[in-house]
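Across the two complexes that follow, chain A remains constant while its partner is chain B and subsequently chain C.
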Partner chain A sequence: MGLELLFPEFLLAAAALLLPGTYLLHRNARLCGQLAVATLAVALSATWVQWFGEGLVTPASYFGHLQIDVFSQLFKFAFLTIAFVTGIVSLAYLGELPHRPEFFTLLLTATLGMLIVASASDLLTLFIGLELAAFSSYALVAFQKRDDGSTEAGAKYLLIGSFSSALTLYGISLLYGLTGTLSIASLAAHNWNSDFSGALFVAILFITGGLGFKVAAVPFHAWAPDVYQGAPTPVTAFLAAGSKAMGFVALLRIFVVALGSMLIEWQLLLGIIAIVTMTVGNLAALRQQDIGRMLAYSSVAQAGYILAAFPAMTELALGGAIFHTLVHAVMKGGAFVIVAAVGIAGLGYGIDGYRGLAQRSQLLALTMTVCLLSLVGIPPFGGFFSKFWLFYGIFQAGMAGQQWLLWLVIAGVLNSALSLFYYLRVIRNIYTEDPQGEARPFGEHTRYPALAVLLLLILLIPLEYDYLLTLCRDAAASLL
Partner chain B sequence: MKRLFALGLLLVLLPAAAAETHTVEVSQSDDGSSYYFEPDVLQVAVGDIVRFEWGNGSHNIAQASDGEANSYVSGFYSGEPQVGGNWTLPAEYTETDGTLDYLCEPHALMGMRGSIIVGSGAAPIPEITLEFGEFPWLSYLLIIPLLGTMWCWGFRHHPEAPRVIALGTTLATLLLSITIFLKAGSSSGYRLMEEYVWSSQFGVSLLLGVDGLSAPMVLLTGILGPLTVLFAWEEQKRPALFFGLLLLLQTATLGVFVTLDYFVFYLFWEVVLIPMFFLVAIWGGPARRYAAYKFFIYTFTASLVMLVGFMALYFEAGANTFSMIEIAKQSGSFAPTFQKWVFAALFIGFAVKMPMVPFHTWLPDAHVEAPTAGSIVLAGIMLKLGLYGLMRAALAPLPLGAEYFVPVMVALAIVSIIYGAALSLAQTDLKKLVAYSSISHMGIALLGVATLTELGLAGAVYMMFAHGLLSPAMFMIAGVVLHQLGTRDIPKLGGLAQKQPYTATLFVAIFLGSLGLPGMATFVAELSVFVAFFQSHGYWLLLPIFGMVLTAGYHLWALQRSVFGPLSKEVNVEKVHEALWYEQWPLFTIVTLAVLFGVLPQILMSPITVACYDILRLMGGV
Partner chain C sequence: MIPLLHYVLFSSTLLLIGGYGVVRNRNAIVVLMSIEIMLTAANINFVAFAEFWHDMGGQVFALFVIAIAAAEVAIGLAILLSLYKQRDTIELDMLDLLRW
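Up next, the complex of A and B:
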């Protein structure tokens, strides 16, 4: 088997090494940024061609550590898209700040880590991918080193992040001790002799703690509001869209694939975490005055919805979860693109900064509104479709036997209604208030990402959800 | 000759001989320890005769709604418990396939029940005609207002263009809706159907079609379109957005009325909220933000509950389709408990939209704060969505659930009628008065639905149409008064008739129409509902009739205080003049239509009754 399917990974690794060199030779920070974005674009199109051009009939395995299948291709594509958009927005957002080449290098390495997570087929590779992405993001979060908020967020992220990495690693080592293998496939095939093993449960607890941090599930969510608020906004978008999706990839690989046969050990645990996460996230978001913090708590709540699909363990529910993870990346990423634009224009990061946005820029106002309504799950926007099919899958599993799953659906539905309160507050500010204070005009650079998000949420996802959901169901089927 | 006669006799008697007679013993053991029908499950062929013969004890035979019910609801009944004798089941009950459960009233709790399985045991599904059209009328109906929205947006920098575009678009929609109403005709089944598959793996499709229930609603939406635009002719604040949202709202409401797929129905149902939220939040009165917020959250929460009900229906039917027609066909297999729960979920969604007391509190706020055009759409079309949804989406697939909730619906309806009317009587704000009167009027419509009879359902639909014409007119009056005097406070008004005699005449006609004057549309609806309610519930009718007295009271009192009497001194009446042309014409049109449909009710009544009969047939009630 040739290595061409790993081309995006090699490309990113090479570019990450060459970028600092380029800067040393040319002393042109702008060029470095553009090179990084171009690299991401090439990697993205390569994935596109590999995925859709030839199709992927059989999964390709490399050295027993990486496995390229429908699932990993789907997420590789998503991660590269997110990184590409982040790159474009960052070009403008960073302006003339020093150390831009480092920023883009870190962006490339973080993306590389995510790609590795997407296709890892043993736990150690998975962990290395997670760490590569995590270490790059610690530095990215603290990038504005003269800004107290940014450095504080970076420090917090680093501390809690390394703690959770340690937890994950400890959980993995326990699994290794119990089974003698790190390969996900062998773990799935492992014959657990008892119905319930205490040691395994401890391992599961540790892994849940570690990965729960990545997806910001309660009670491991405390970092999210501070980091989302303090980090440079493109980085926040990158974390909210990419890093979160990466956490779900790892969770899916570990729980659904490796420990799928021991469903009984973690089913109830994840169910409870899901309900608590969505409720706490929404309740906390109600009171936020800072848009970054509000969106952070909304991210927590969305993680709860997605986690609810895990206990169902059906192809449909997991397909819905994958679909919602991807659509969530679009909605949340889109919202943060607007937050970045409003921030650059000098309107600040409070909800009050959105007063009269409609009169300043129709496009930004519309995009923000569509993203927020989408996050609630109001038709006809994209978020409704992914959320509907997510809960549909859980509902089906509930009707098919596990009655308690219906409570997850009910909790999700009630939470959606609750979430309307805080999203509507921003929308109300955008349209019904008059603008206050002066603002610089909005740059051209947010125009295209905003248009793309609009196009996706209003047209593409609603009209083509059947096709997209089939893709996600295929991905889920390749896991099960 | 004799042989031939014998043969003839044989031929005549043969059918009678084919009808077998079965006997069921109605009895109890001597010591009274067991009560039984023997046999308790009887298998008969279609057309057979069933005789019941009494053994020991005093018993009777009463049909039950299902094998678990403990009381007689409706159906066959042998009379009060008797000792000895026999009774024959009326022949009509064994004419079609089905399962008849029955019990002995005094001994139902001791397990004295039985069932007769006629033929295959499953009630035959009535055939509902589905007629696919050759020309996609309904798609055009949905697309044209949407195109108008985009067109308005394109001309957003032009001060005059949006309103002209909106008027043109709504007039085109009006023509289309009249065509559709005429083409739908008044025969049974769905017409002009179209199907566009959206997701084959889950059975979601854009399934469009009209019948006698939706065609009048489409017509109503079409009529109100140009009137709304005309009435908002002088809108100065962001006109492109305003008219664009109005047109978007029209697409969404029409979508609810013509779709026959639960998923798409929910989609349009929620899309309605977004433009309405902005209409109230941007162009509303002083407390508009609060009102818009409350409106959105109330209705959204309720419709989520409804959505869960839809999902449950879909999975329970197991037909892998969201089509309302297909799911209604499975209703025979839905367990009674399931039906009750799901009907409750759907009813919450619909009751908030109607709105019924105690879910009504969003309505006065939204109405008072909304701009007049918003109020027109809110009262004229949006309040109808709830009842329409109840009749379209909840009754046919959940007959037992509906039957179970009849007392609740009746109680809520009566409370709404009286409470709404009483609150109207207490209002001093003209607009608030009209808002509460809507609650009262929609209560009458719900009362009609709760009778579950053809006349009652038809009266409810007619009420939706009549109220959809006259309530917007009342809001227009409130708009005219506010526009000219700067206040809607009834005690401050008075003597308007002296300054604007022509307009005042229109006011009077509309108020009288709304209170149910014979010869106008509301009267037809109220009469049908009350007759149907008397037939099903007897003298409980006195309660809603008392509500009618209050209704007449607040209408006349408001009229007398604001339009007649001495000229008011509290407000500046110097500048009061006749209403402007764009205010007068819509009012005049509505009065004409209200009289037309009051004098010639059969235009609407014939399609409506057929559709209501179809619904009852699907429910197995006829």
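Up next, the complex of A and C:
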């Protein structure tokens, strides 16, 4: 088996090692940032070529630790795109701050961790990927070390994050003890001998605790608002889009693939967590004044919608969940790009800062509005399509037998209606109020990512949803 | 030969001690140490189960976890140090800037 499918991983690892060296030789921080962004662009196009150019006929397995299949290629592509956009926005956001080469090195290693999670076929590889991404993100969150908020957010993220990864690790060790294997494929094939095992349920509780933290599911969501508010905004975008998707990838690999035969052990648990998560997230978002915190709680709510697809365990529901995970990355990432742009322009991070944004920049105002309406799931925009298929998949599974799944759909629809309130508050500020105070002009660096997000949400996803959904359903089918 | 159950009891005791330390302590360094104890608990499980199943996978995992724990402490201390430089304290009760 050739190693060419792992080219993006090798490239990122090499670049992460070479970048600090380049800085030591040339002392040119700007060059380092551009090199990192260029590396991500090359890795992204390599994944694109491998995916569409040659096609993926059979999954490629590497020593039983890594496996490249449709699912992993889809998410590798998504993670590299997110990192690339984060890199471009960071170039503008960081300006002339010191230690920029370290920032971009950490961005590369975090992305590498996510790529490893996307193609892990072994609990050891999965855990190492999760930790590599997590450690890099702790440092990225605390990057502005002269800033009180950033350091505090980093410390909170670090302590809560390593606590929850210790829980995951203990859960994995119990799972290993019960089955004697770490390979996801062998776990899936394991003969459990009984319908319900108490020991396995304890292991599942531990793993849910740890991965629930990654996707910010209630009751493990307490870090999200603090970190989203305190971290440098491009890092927030990276976490909201990338780290969350990574959590779902890990959840899908462990629950749907490895423990798919023991559905009965975790079905109800994840269902309850889903309903509580979406409700708590939306209710808490209603009263936020800081845009970062508001989007963080909305992100918690979205995690609830996606988690609702897990108990259904059908190809359509999981395909919808994967689709919504990816579209959520676009919407949330896009929203945070605008937040970064408004922040760079000196308008602050409160919802008040968005007053009269439409008069300052039509493009940014429109993109923010489309992102927020997409997050609610208003029809013509991208978010509607993914949310529709997500809920329709669960609905179908509910009609096909498991009646209680219908409650998940009802809770999801009611919650979406509820979420409209707090998004509309921002949109009203953008269009009906007059701008207050002076602002610096918005730079090119944020204008192009904003335009790309806008085109994705109003053109590409609505027009091509059929193709994208098929892609996501293929990925889901490769899991089941 | 020590029975497997003893290892599991030992490791769950360690996990509880670590978890108690994380929840009850107000000093960030002690919390970090408690998290290390939790990682050790998982490690003991891995090694004991590897012996039980005659499978090297668990022992390899334990070695990786030791490396991961070391990296975690390095990053943790770095972040806590920069927190200390700003505030002259690492009491967790003082982390109240970001709250609604």
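Everything that follows uses one rule, which is that the second predicted complex is superposed on the first by the 480 of 480 C-alpha atoms of A that agree within 3 Å, B and C clash if a C-alpha of one lies under 4 Å from a C-alpha of the other, contacts with A are read in each partner's own complex, and residues count from 1 in each chain.
Assume contacts are C-beta pairs under 8 Å (C-beta built on N, C-alpha and C of every residue); 3 or more make two chains touch, one makes a residue touch a chain.
Just so you know, these numbers come straight off a predicted model, no measurement behind them.
In the superposition on chain A, contact of A:Pro379 is made with chain B only, not with chain C. When the shared chain is aligned, chain B comes close enough to touch A:Leu420, but chain C does not.
With both structures placed on the common chain, the touch criterion links A:Leu307 to neither chain B nor chain C. Touch criterion not met for A:Ile88: it reaches neither chain B nor chain C.
Of the two partner chains placed by superposition, only chain B is touched by A:Thr470; chain C is not. Here chain B and chain C are compared by how many residues of chain A each touches, and C touches more. In the superposed pair of complexes, A:Gln229 makes contact with chain C only, with no contact to chain B. In the superposition on chain A, contact is made by A:Thr181 with chain C only, not with chain B.
Judged by the touch definition given at the top, the superposed model places A:Asp148 against chain C, while chain B stays out of reach. Shared contact residues on chain A (touching chain B in one structure, chain C in the other): none found. Residue ranges of chain B in contact with chain A, taken from their complex: 198-202, 204, 266-267, 270-271, 273-274, 278, 281-282, 288-289, 292-293, 296-297, 300-301, 304-305, 307-308, 311-312, 315-316. Taken in their complex, chain A has these residues touching chain B: 373, 376, 378-380, 384, 389, 391-392, 395-396, 399, 409-410, 413-414, 416-417, 420-421, 424, 428, 431-432, 465-466, 469-470.
Residues 8, 11, 15, 18, 22, 28, 31-32, 35, 38-39, 41-43, 45-46, 48-49, 52-53, 55, 57-58, 60-61, 64-65, 68, 71-72, 75-76, 78-80, 82-83, 85-87, 92, 95, 97-100 of chain C are the ones touching chain A in the complex. Considering their complex, residues 123-124, 127-128, 131, 135, 138-139, 142, 145-146, 148-149, 151-156, 158-159, 162-163, 166-167, 169-170, 172-174, 176-177, 180-182, 225-226, 229-230, 287-288, 293 of chain A touch chain C.
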